[in-house]
Structure formats: structure tokens, C-alpha cells
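Next up: the structures, one after another.
There are two complexes below, and they share chain A, which is joined by chain B in the first and by chain C in the second.
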Partner chain A sequence: MTSPALVPNAIIEVNDVSKWFGDKVANSKLTCSFGPGVTGLLGPNGAGKTTLLRMLAGLTQPSTGSISVDGLDPRGHPKLFERVGLVPEEDAVYEFLTARQYVTYAAQLTGLADPSQAAADALATVQLTESADRKLGEFSKGMKQRTRVAAAIAHRPDILILDEPLNGTDPVQRARLIALIRSLAANGATVIVSSHVLAEVERIADRVLAMTNGRLAAAGNVEAIRAAMIDIPYKVRIDADDLRGLGALLIGHPLITSVAIGNSEMVIETNDLGALGRDLPGLAIDSGVRITRFQPEDMSLEAVFGYLDKRR
Partner chain B sequence: MTSEGAVFDLGYEQYRGPRLSDRQVFWRMVIDGLKKSVGIGKRARNKAFPFSLVALAILPALGVVVIQVVAKIFGLPLSGDVLLDDREYFDWTSQLIFFFVAVAVPNLLIPDRVENVLLVYTSRPPTINTYLVARLVAMAISVGVFLMIPQLVLLIGEALISPSFFGHLADNLAFWWRVPLTSFAYLAVNVGVAALVAAYINNRGAAIAIYIIGVNVLNGVGIGLSSINEYFSLLSIQFWPTRIRDWVFGVNTLDDFPGADLPIVAVLATTIAFLTLAVALILRRYRKLI
Partner chain C sequence: MTAFGSIVVNTLRGFLGGRRSWLLLALAMIPGVVQLIAGLVSGSAVGSQLYEEFSTQVLFTLLIPAVAITFGANAFGEEKRGKTMAFLTLRPISRWTIAAAKLVAAWLGASLVGGLGAVFAAFALGVGSGIWTELVAGVVGATLSALVYAALLLPLGLVMKRATLAGLVYLLLIEQFLARTVRQFSNLSPFRVGTSAYADLSQFARVIATLEETNGAVVAGAGGATLKALVIALIMWAITGFALRELDLV
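For the complex of A and B:
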């Protein structure tokens, strides 16, 4: 069976990559791949996300293992970067330049024939046209972040590596950037987005690679990762007009591992959510209980990542 | 995970249009470096120092020309000793470029490194080597122009007051190799030392101080130790381009300097060895960063 960390149409391949800095291991034996669409790289601060992204962008050499971008080693093929856009975690802007000058210069470095037009288009995409002629030193953190995104997309790359791209942005800007990122992916770009904010990754990414302590903790979409955790029962919150009657029916049911009844709701645990979802309506009808809510509690990325983090 | 929400078509598509050549991209980087080295695009106070030095470099040359023109118009006798020739003028401009380089090179290299702006380059097709070469070429051009313009003012001024403008230029063909070669010696040594310091020091003020104090201390040590052996005078970095200048112009103005009689081969070999070592150390430093 193919590992969920690998995709069939991979543009970027990471093969058994480890990276250490002195005694500190930043990444350990990572094998994964990235293809068109948005892949969210999730993990707490210090999980090794930035180091992995730097290696993907050719900025850092793996200690062992290999990385290929479209079949080429990113360290030895600078021309590859005509196709790659990087938003690094660091500020990395010339504060004395205006946003327009900065993005134009970035476009020049990728060799665009009309860098001014490319910069204008990119700034319009991130909605910075009106502020384009202000110096970056006067910008808020969110505006700088959007400028860096504009600089990364000005040359219209088909591979985009974004390290915490939503840092410092307000909710409206965040929604717009998420829409932009999803749009890039919908047009065939390979987009890798790192974040330690679960809700962000949940909104952006079709596929998640979860990292803890420099290792790959899980891969796939959130439902699939959760389903793979067979040793951790699903929690389901249930509301019904007769909680005690329903509770009595469920205690001892082969699909149920625990039942906790509160004043107004009940929380049960099951190892087979699908089967319970099929059986429960019949049980309720037979016993004359009316169920008003059936809500799996730990299908969110936050819950899944909480489990992953506890396992490390 | 949810995939709710609309995905807007923002018209994004991969760029497949024409691209500039590597050379054109390189020269854009050089132009960027030239602007930064003299503070163009920055606040007025950033421009004040380099442009003041440029003015100080050019004004005496203009003064010499004006004196010559006035003397010619009024038929005043003018002693050759009063005025500066092209070789002597280097004594003045070399002092100015010492301070120009002391400030410009750290300004060009250190902020990019400390503020992580190197990523602007290294996450795009230019390599770290291309970046460094572009920065050094930018410095070489700005220092070269700094050294050459006053010399050209002197040459053209002298040509204007001579009986034949073009005859004067024809009589001074050696200018066209002596002055560029001497300028190159001054700029290579000064930029080499300043770039080496700026590559390893992360604070601009400290880099400026280390460069100025370091060069002067080495000058003193070189002169002091040369009483033991005249080859110690090679420790004096500023001696190298001056000795090369004298060799190019076929004179010896360093009579009082202990190393004045050292063979030019020793000076050239020391200069080339130092520059090679400096380039290697700078590359090593930047390759470790990326």
C-alpha cells in the first residue's frame, strides 16, 4: 500500500531526509511528496516545518537523504526558481523601498520581461494597489506579509512555498489570502503552506502533513488521519429528550466503549463511528427516544492533532 | 476538515512569457547595489556622506582647472609645483575613498544579511555567488567612478588650456592605462578589506570602526616592524596600492617609507594573495549562511 505521505503526481519528492544542526535534530527521516493542490504542513513551533520548507526551497542542504523538485535537486539548479515562489517566515524586505519597488525588484530577479506590470498585477491580487507607493517601513505586519506574498507570486510560479503566510493578517486579509491560495491550487499550482494554527490549515489545505519533533506524525486528509487512529475511540455528543433511557440502551452495546450522561447531554465513545451512525436511529425509534443532536466531537484537525501530539 | 467556502478565480496562471537573460538580471542587481552604495532611494542623510565625499573629490580638480584657465587668460606664470598632476591627485582621492568604502561596503552587505533580505535573492534564480559578485561589481564601479571623474576633469581641463585640445589628449595616451590601473589597485585593496570585515561583522558601526582602526593599526605595525625587516612593511595595507601607483607611473614617492625599495613583484604578489584569500573567506562565510 502506498503511504499517504506520498502523492501519485508528485512535483516535489522528499526521500528519507534528515537535517541536524550540531546536536539538534530538526528533521528526522522524512519521506513525503507534494503535488498539485494545497498541502498543509502542520505542527507546533519547533516541529521542523521551517527547516523542511527551507530544504524544499534549496536554501538548506539536507544532512542525509535527497529532495527533488520536478526531478531536479533544488540546490544545484537555480533556474528552477523561475517556477518557485517562496514566502519565508522571516521579514526579508527592504524597508526603505515602496511595496511597488520591492515587488518589481523581486520580479526583475526572476527575469520577467515586464517586471513593473507583473508587480502591479501581483499587488492588485493581494489588494495593495492603493498602498503600493508607500515605503514598506510604514507598513503593518499584515501589509508586509501581503507584500511578500505579492513578491512570491509576481513571477507566477507553479510551485509556491508559504511559511506561516497568514501571520499578522487581519480576518478580512486572511480570508482573501486563503481564497488566493486555494485559487492558485485550483489552477494547478503545487502549494505548500505551513502553519501552527490548526484552523488556518483546516481552511486552506486539502491534504495535511502533521509534524511533531521533526518527524512526520500523520499524512492525508483529516478524516482519513482520524480514521487511522483506531486505538483512540471517537467521542460523540448526543442530545435527546430522554437521555437516561437512551443511556440505558447504549450501555453494553457492542459498538459503545463508554457512556457519560450529564444534565442536558450525553457523551459516548465508539470505535466505529460509521456503524454507530447506522444503528443508532433504529435503537432510538425502537425505544421511543427522540435524538436532537449527534455530533462527533473530535473530527476537527485540532482534536486530531491533539491526539498526535500526545503520542510523541 | 471542511472545504466550505468559495474559491474565486483570480485569473492566476503560470508565467510563460519572455524572460531576461542571466546577464540582464545580473546588471539589474548591480544597479541596485550602485543605488544603495550612494544612498539613492534612501533618506537625504544617507546620501549626504557619499555625495559630500564625491564633491570633495571633484572640487579640487575643478579648482586646479579654474586656476589654470585664469592664469592662462591673464598670462600669469604658473609653477608646475603648485598644481596637482594625475598621479599626485591619487594621494587626495585615495584618502577619500578609504572613508567612502568604510561606510558604503558595510551598508551594502550587512543589512541584507542581518535582516534576512538575502532570501530575496536566494529564493530566486540568482545564486549567492551571483549576489556577491554583483555587490562587489557595484562597489567597484562606484569607487572606480569616484577615482576616475576627478582625473578626467584634470585631463580635460589641461586639454582645454593647451594649444591643441586633441594634441594634449594624444600626448597623454598613457593616462588611459595608468589612471584606470591605479584606480583598480586602490579600489581592489580598499573594497577587499572592507568587504572581508563586513562579511564577518554583523554591526555596521563596528564594521566601519574595525576597518578604519584595523587598517591604521596595520599601517603602524608595518612601519614599526620594518626596522627589523623591510618585508614587514607589507603589513601596511595602504602601502600596496600606493607602491603599485608609483610603479605604474614610473616614480618613487615613498622615499621615507621603509618598504619603498621592495620589489614590485613582492607587493603585487601580496596584494593578489590577500585578495584571493579575502574572496575565499567571503564566499565561505556566505555559503555557510545559505
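For the complex of A and C:
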């Protein structure tokens, strides 16, 4: 086993999968696998995470390559879905149903012996018992999200696929959902969680697959992904009352890799934004320069993933 | 409840729930109410003439097709628009079962609305003119007509974003206009399945004459009409099930 994108005890295997829609390539030659525990699928919007998750669930067919879930093609083997739960990215529920009716419907479709009890248990797990008899059309985005999670776990799946599950949730709900996801994984479930927020994935996942432009950019534990990002140069835009004086101080500073001074601002590049943020105030005070703006640029996840993509 | 039953029930909830049910009930009652009022105000002859020239025409060539087209197209169309296809399809049930449940739901919903319309119209005929023979014929005709239109639109709703609009445009342009002008089109129109069964069971001969005069030759035959409706439904169910298995559903 050489690639960090592969796990030894794989439940889901993705083998050289590409997917395109017309001219647009959504996924390109993906090979990876997923086993028990939480795997975070990290990437900016448009990286191809949702398409991959849809293929894992059998909603979409790969253009080339193959996907197997416990040795079976998820398309054409509906029995698999006794073991699989999916929370799609879309904020989609039947708004004319109550939360209880919605989750009961999910349990009925999965063929559970006591759908009402399963729904009540799942709603209790996501702390929605009190609102269970309200119409979903009246719910906030976060409540709808929790209802969808309840519907996905009502049949106690051992494979759970969650596409941006924390979207729209407040910090308290977020913490509870993360605890829930981790407890499911602790009980042996294979959980795949997609997100475009690194900090979010860091809190949930033991293992991360980073995607950009439809390809795998990095794989491994969170530390490995962070290490892959450590040498990304950050651009910082600085305004000060004496740009040239400040520029003279920064040229040659060990944390600074480049300095560009314009008429009204200066743009510097650094590999260690945190250390620079700590050092710069002292430097400015010592030299009598007043800094009026310190704005890191290029810190969007898109930029980070763009960098990872270039490194491949 | 089985998965099949729960899909039927929840699809019907979507079709008939809330204010929509009152609107559909009002639509279904229009022919009967107009006929009842006219009969009571102007006498039994006017009432039976309205049944012949207005109620059956509106029911069989407009109301039932329009409702069945809407329900047939939206059985999957609403799931696609609402992005709930994944909720429905990622279950341990076959796609054929899902297709069958959706077809039954669309048929039951359209039959309920169309059947109520037929019942109101037959009731109004009975009250206004003392003719109480049309109830069964109307309900059977409405039910078969609903099955044919709902089945025809079921796969279209799965693959087309504007299947309802396409169906209604077809109804208004082809069936309401072209089929009345060019008889060859009339002979191919799906509404003839329902009217064929109705013609066989009806004892109100003038209605059949009017249907024929307006819509082309109606061959009376409830058995043949039932068979046709079932064959159309089976073919459309098979196409829908196949599409559900093979197409990307998002």
C-alpha cells in the first residue's frame, strides 16, 4: 500500500474514476478508498467533491473507471442502501411534511420494522424532538439540515456520506453534529464528510483527501495536509504613513520573501504569516512607522488548493 | 406501511395537500355546479343539454387530461425540482417499484379529481333531469382517462424540466385545436380511451353523439379501453423504470 489515498481495510473503492458532463470534466482519474472512521473530503467549491459523493452513492455513473461499495457497484444493487445513509448537499426536503413524517418516510423506504420508533430515535439524536411535528417549510436551514441527518441515520447505516453537513448550522448545532459524526465512526461506521472549510474537516476527520479541479491534490491525516501547505507564500497588503521607511526595514527580513512598494501601499510575501503578524508591530514601533492596514491576501481556500494543484 | 405504499401516500400528499386540494375540488365541481344551477333555473331540458354539451366535454377533453398531465409530469418532476430524488432513490427498493408507486399515485390523484368531477356532473344531471344512469360510466371513463394521461407523462417528467408545460401545450394545441380540425389527429388522441369506456357504459345516447360529433368516432368498448389503458400504463412504467435505472438522477 503506497498511496496515502488508499486505506488497507477499504469498504469503498474508487478505481481510476473520471466523470465529465459534456465538455466539463468534474473528476479526473481519481483513485482512492474509504474505510471505517471519518474521512474528510476537502476542496473549494467546484473541486468535484459532490460529483464524487454522488458517484459513491450510485446517483451518477462514472464516465470511466469503477466504484465499488463493499465489493458491489452501487448502481443496480439497491440492497446496499440498507447499509448506506446519504445527506446530499442540496437544502432539499419535502416542505409539506413535518420532520417526524419526513424521517418516518425515510425509515419506511428503508424497510424498517418500526419506522415511527426509528424516526423518534433519530430525531432525538439530532435534538429535534420538540419540533418534530412542525412542517419542514417552517424550519430554519440548520434545522432542515439536522432533519436530513436524522433521515440519513434512522436506519443506523454503517456507511454514511455527508455532503457539506455543517452548512447552515449554528456553532452549538455544529458541535453536536460533529460529536454525532464522530460517535458513528467510533462505532465502526465508514463516514465520508465533504467540506470546503479546512478547520471544519480538521475537527471531524481522522483522514483527509484534498481535491482541486476534479483531482486529488493531497491525502493523509490533517497534519500531512497542513505540512503540504506550509510553504505556501502568503501575500500581505500593507498601508503605512511611511511606506519606504517600512519597506527598507522589511527587505532582508528573514520572514519576508519579497517586497513591492507602490504609491499608496506595499505588497509583501511571507511563508510564515503568523510569525510576521507577531514581529511586525514591534518593528513598526521601533522605526516610528504607523501601520494603518495589514491585510493578508491569497488566503482563500481556492488559492491554497490552486497551489496544491500546481505542485502536483 | 410498505415502501410502495409510503411513496404513493407521500406523493399524493404533495399533489393534494394544502390549498391545492381546495383548488382542485373547485375545478372538479365547476361542470356539475354550472349544470345544476342551469338545470334548476331553466328546467331539466337545459340541464341535460348542458351535461351533453358542456360537462362531459369539459371533463373528458380538458379537466381530467389537464389534471392527469400535471400529476403524471410532476410525479418525478417535483422530486427533480425539489432535489429530493436522492432521498427517494437511494433506498433498498428497486427502481421498478419506485416507478410503479409514482404511476399509481399520479393515477389515483387524477382519478380522484376527475372522478369527483364525473360524480358531481352525474349528480347534477340526476337532480336536474331525473336521469341517474351516468355515475358509473363517468367514473370509469374518468379513471381510465386519468391512467392513460398520467402514464404518458410519467417518463417525460423524469427527463424533461418542463414536462407539465409540454403536456398542457399538447392538450391545448393538438387535442383542443388540431384534433377537432383534422380527424386523423383525433383518432390518435389519448382522451378517446376514456370516452370509449364511457360510451360503452353510458345510457345517455345523446352524449355519445355529441362526443362523436366534436371529437371524432368514438368506438364504444369498456373492455378494449381498459386493455388499452393497461397496456399504455405498462409500457410507460417499463420506460420509466428503465430510465430510473440508467440515467443520472441529479
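Assume the second predicted complex is superposed on the first by the 224 of 312 C-alpha atoms of A that agree within 3 Å, B and C clash if a C-alpha of one lies under 4 Å from a C-alpha of the other, contacts with A are read in each partner's own complex, and residues count from 1 in each chain.
Heads up, the rule we're going with is that a residue touches a chain if its C-beta (ideal position, glycine included) is under 8 Å from a C-beta of that chain, and two chains touch if they have at least 3 such contacts.
Keep in mind it's a predicted model, so treat the numbers as computed, not measured.
Superposition of the two structures on chain A shows chain C clashing with chain B. In the superposition on chain A, A:Ile153 makes contact with chain B only, not with chain C. After overlaying the two complexes on the shared chain, residue contacts for A:Ala10 are found with neither chain B nor chain C.
In the overlay built on the shared chain, the residue A:Val259 is in contact with neither chain B nor chain C. In the superposed model, A:Leu97 makes contact with both chain B and chain C. Residue contacts after overlaying the shared chain place A:Ala57 against chain B and chain C alike. Put chain B and chain C next to each other and count what each touches on chain A; the higher total goes to B. Overlaid on A, the two complexes show chain B and chain C touching the same residues of chain A, namely 57-59, 78-79, 81-82, 84, 86, 88, 90, 92-94, 96-97, 101, 105-106, 108-111, 151.
Residues of chain A that touch chain C in their complex: 54, 57-61, 75-76, 78-82, 84, 86, 88, 90, 92-97, 101, 105-106, 108-111, 115, 151.
Here chain C touches chain A in the complex through residues 1-3, 5-7, 10, 13-14, 17-18, 82-95, 245, 248-250, going by the rule given at the top. Interface of chain B with chain A (complex): residues 1-3, 5-10, 12-15, 17-22, 24-25, 28-29, 32, 41-43, 115-117, 119-127, 290. Within the complex, the chain A residues that touch chain B are 57-59, 78-79, 81-84, 86, 88, 90-94, 96-97, 101, 105-106, 108-114, 118, 125, 151, 153, 155-158, 178-180, 182-184, 186-189, 202-203, 205-206, 208, 221-223, 300-301.
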